[in-house]
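The following pair of complexes shares a single chain, chain A, combined with chain B in the former and chain C in the latter.
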Partner chain A sequence: MNEKTMKASRKWQTLFFVVLIFGMTLASSAITEFNIFHGLATLPKAGAWIFSNLLITQESLERLPTILEKLLETILMSIAATTTGTAVAFFLSLMGSKTTGTSRALGVFARFVASVSRNIPVVAWALILLLSFGQNSMTGYLALFVGSVGFLTRAFIESIDEASQSAVEALRATGATYFQIVFKAVVPQCLPQMISWILFMIETNIRSATLVGILTGTGIGYAFDLYYKTLNYNAVALVTFSIIIAVIVIELMSNYIRKVII
Partner chain B sequence: MSLLQIKDLGKSYNSDSKVLQGLNFEVEAGEFLSVIGPSGAGKSTLLRCINRMVEIDEGKVVFDGQDVGALNKKELRKVRTTIGMIFQHYNLVPRLSVIENVLHGRFGYKTTIQGILGRFNEAEKEHAFFLLKKLGIEEHAYKRCDQLSGGQQQRVGIARSLIQEPKIVLCDEPIASLDPNASKVIMDHLKSITQELGITCIVNLHQVEIAKDYSDRIIGLNKGGIVFDGPSYRLHRSHTDLIYGTQSKATPEIRELIMV
Partner chain C sequence: MEASTYIRRGANGRITIKMGSKSERVMTWTVTLLIALTIAAFYFFDYTGLDLSKAIPETFYNLKKMFLAPALSHFTWGQAFYQMGVTLGLAFLSTILGAAIAFFLALMAASNLSKAWISKTVRIAVAFIRAVPTVLWVLIFAIAAGLGSEAAVLGMLFHSIAYLVKAFSEAFEEVDQGIIEALRATGANWWHIVVHAVLPSTFTYLLSWTFLRFEINFSVAVAMGAAAGAGGIGFELFMASGFYFDLSEVGMITYMILVFAIVLEILSTKMKERYFPAAKLGN
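After this line comes the complex of A and B, so read on.
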């Protein structure tokens, strides 16, 4: 294949994919009877409603202490779910990684656990666990925990595989034991990525915790649900605002931590 | 009895091609041996069969009177403790300091817990600093390894292998990623390991001239078999042609010869 025919075939490829994407969009909106232009036309109206109703007023500010208490509960629960999830995910990822894996069966097991817990959404986990644990913060914690284990195991496996092959080989050659290799070659090299993933998981969990809280009746999610159902939109606005602030603060903090450790 | 005996060693990673085939040789204590050969000749595999970093398929490797292939996990770790290894890409932990990397060589003598907590005694620490001083990188002891140049990192690698108090040091292309000056420093240090400490060295090399300059003995590998085995002064052009294939082809190895 010379340069000209390659350019020509690439052009056709591009055209093909553009047409394909257009076709798929039109087909799916036709099937679901969703009119994208109608949807866009209602945007200004929705915006107007948000700005007229979701206002933080003096009255709603009086509820701030209760809201902050709930928010703190949610944040702490997210952190607890992430840290305990990290501990489990760390050992699962050691089993699942090619560099540190000891047997094929354990590797398959670890990846299976990770895949199951990751591919069922956190909300679905919350609903499933709700049946056995009831409406309390334990259910929310467990749902976040399971999701964290799945995601972190996957992320850790990739960090371990990527970072440490050569040093692991060197330490194996010196006659070091398995856990000496893990803690002195694997962990030091993967630590920045691992911490980065853990911080990301905390952020994600705070966001999910709000949603999970609506289902399990705990934390800031419960406050949101309560005010929303009692049509107290001003309080809803305050809750939403405090969640946004909290997430941004956590994000800024984790960005700073990332910069320092790397 | 020789320190290392290789008997009918064979290795294949998949069923249709053999990497090593019917290798036989012995290495005496205190020898400086170079293994040369083109890429893919099986040099690295041969080296890794000696400390069983790859499993031995056929034949035997007897090191210091022990059949390496027949050892269980614990015994194998014990044997590896007395075998140092140096790598082309240094294989240090880049985020840790030089001194920490050197002390990693002591893990074989430690319990798991001592190793994880980094409990090293005064004698070991002094030994580590002594080696760093000898290799001329004492002032970098507390720097992170990723701040050092390639030649300096390789010297850390040498220190890590020497602190094991090994009987043999296996060097897998130790100078393949280094410039000529750094290469000379590294080769001089390796040579002094054999001459001053009496430790056997097996060095995989690409550069025939360097192999001839430094080693007592050269083994030439081609396609997994030995095509030359003898004192380095007896290695002639005809042998290198045999090792690297015909001379008419401008192979990368010949280009390296000119460069060196």
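After this line comes the complex of A and C, so read on.
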């Protein structure tokens, strides 16, 4: 194949790709009844609506203590789900990792559990658990917990496989027991990576907690839903604003921690 | 990282030598704080109407019914796949439009291709947009732009743009400065640099990030269907569990979502391994 035919085939490839993307966009627009021009045309109107209605007023500020309490509940729920999820994910990842895994069957089991709990969306877990647990913090907590276990197990397996191969081999050569290997080689090597993943999970969970809160009637999501449905848009603005502040503060904190430890 | 050694003789005459550094201190503090907050969380939780002795067996019964006896009763297979198509369509539209818009914004946000003040403004705006959960965007647009798929796509689009601008601009910043300088020396203008240097060397990264976002948007689209009434399979899931209390149907829908999600995950892992081994999933 000379240069010319290669160039030509590349051109066809690009063309095919562009047509494919374009076709899929059209198909998606058709099935979802989405009109891009209409969508874009409503954008300025939507922007104007947001700027004229979503204003924080004096009256809505009176609700601030209630909102902050709900926000605290949501943040605590996300943190609790992440840390307890970490404990389970740690053992699952020890089973699932090639470096520290003891048997094939356990490894497959760990990966299967992680894959199922991560690939069923958190919303689905929330709806499933809502049926038996009812409307309280526990439902949201458990939904986030299951999702966190799934995601963190995959992340931890990657970190363990990446970081601790040589340290584990060295300790094994000295005749160290399994738990000595885990706590003297794997944990110290992977701890910075793992903390980084935990912080990332907390950030993600706070966003999902809002969503889960709308469904399970807890935390800041419930406050948002309540004000939204009673058309109290000033309070909606205040809720949104407090979430923005909380998320940005937590992001800045975890960025600082990440910078120091890695 | 400054390491310092502490040598101390204890009361019983034992000498302890401890190496400490700032990073270790921060790690200890982080872990302690997280554990303390977790304990506080369980203390503060609202346990109204919770009866664990009843809830746990009930959950197992529900899970057994869902996963061992899945069935569709309120709609047909054809409708189920149609709704799945709606969800995939929402995810695809918000990803592809988001990627197109994010590409231009990322060019503005990359510090090696743009002026400092423009890059800073775009970054702050993007951080702000990212901090608002997607569901709030969708609900806000539902009133601001009228209900329907437009609200869902616009809401998801906002978050996709914020996510992709961050990922894209980081990819752009890793382009070899030498290539850009060489092109600039030949008298190439900004567009020439973008088309002939930046785009060819980052294209695979952009593609992988976009696909990764598609995978995320799929589960977001499911969630938006359930929480914001955006239609699609998520809405059916919400109806089956919240209105019909039909566990077999919930099970069937969950299976469908699971299969699609796993296929997408396998595809994106394959793509990641091929194009960028040292990938981060950061949001």
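Everything below uses one rule, namely that the second predicted complex is superposed on the first by the 243 of 262 C-alpha atoms of A that agree within 3 Å, B and C clash if a C-alpha of one lies under 4 Å from a C-alpha of the other, contacts with A are read in each partner's own complex, and residues count from 1 in each chain.
In the analysis below, a contact is a pair of C-beta atoms (placed from the backbone, for glycine too) under 8 Å apart; a residue touches a chain by one contact, two chains touch by 3 or more.
The model shown is predicted, which means the values in this text are computed figures rather than measured ones.
Residue contacts after overlaying the shared chain place A:189 against chain B, while chain C stays out of touching range.
When the two structures are aligned on the shared chain, A:56 is found in touch with neither chain B nor chain C.
When chain B and chain C are set side by side, the one touching more residues of chain A is C. In the superposition on chain A, no contact is made by A:64 with either chain B or chain C. With both structures placed on the common chain, the touch criterion links A:170 to chain B but leaves chain C unconnected. With both structures placed on the common chain, the touch criterion links A:180 to chain B but leaves chain C unconnected.
With both structures placed on the common chain, the touch criterion links A:106 to neither chain B nor chain C.
In the superposed model, A:28 makes contact with chain C only, not with chain B. Using the contact criterion defined above for the overlaid structures, shared-chain residue A:226 touches neither chain B nor chain C, since it reaches no partner. Taken together, the two structures place residues 191-192 of chain A in contact with chain B in one case and with chain C in the other. Partner chain A is touched in their complex by these residues of chain B: 51, 53, 77-81, 83-85, 87, 89, 91-96, 104-105, 107-108, 110, 112, 115-116, 118, 157, 160-161, 164.
Chain contact summary for the complex, chain C toward chain A: residues 22-23, 26-27, 30-31, 34-35, 37-38, 40-42, 44-50, 54-56, 58-59, 61-63, 66, 82, 85-86, 88-90, 92-93, 96-97, 127-128, 130-136, 139-141, 143-146, 148-150, 152-154, 219, 222-223, 226-227, 231-232, 234, 237-238, 241-242, 245, 247, 250, 253-254, 257-258, 261-262, 265, 281-283. Touching chain B in their complex are the following residues of chain A: 166-167, 169-180, 183-185, 188-189, 191-192. Remark: chain A residues 21, 24-25, 27-29, 31-36, 38-39, 42-43, 45-47, 49-50, 54, 72-73, 76-77, 79-80, 82-84, 115-116, 119-124, 127-138, 141, 155, 191-192, 195, 198-200, 203-204, 207-208, 210-211, 214-215, 218, 221, 224, 228, 233, 236, 240, 243-244, 247-248, 251, 257, 260-261 touch chain C in the complex.
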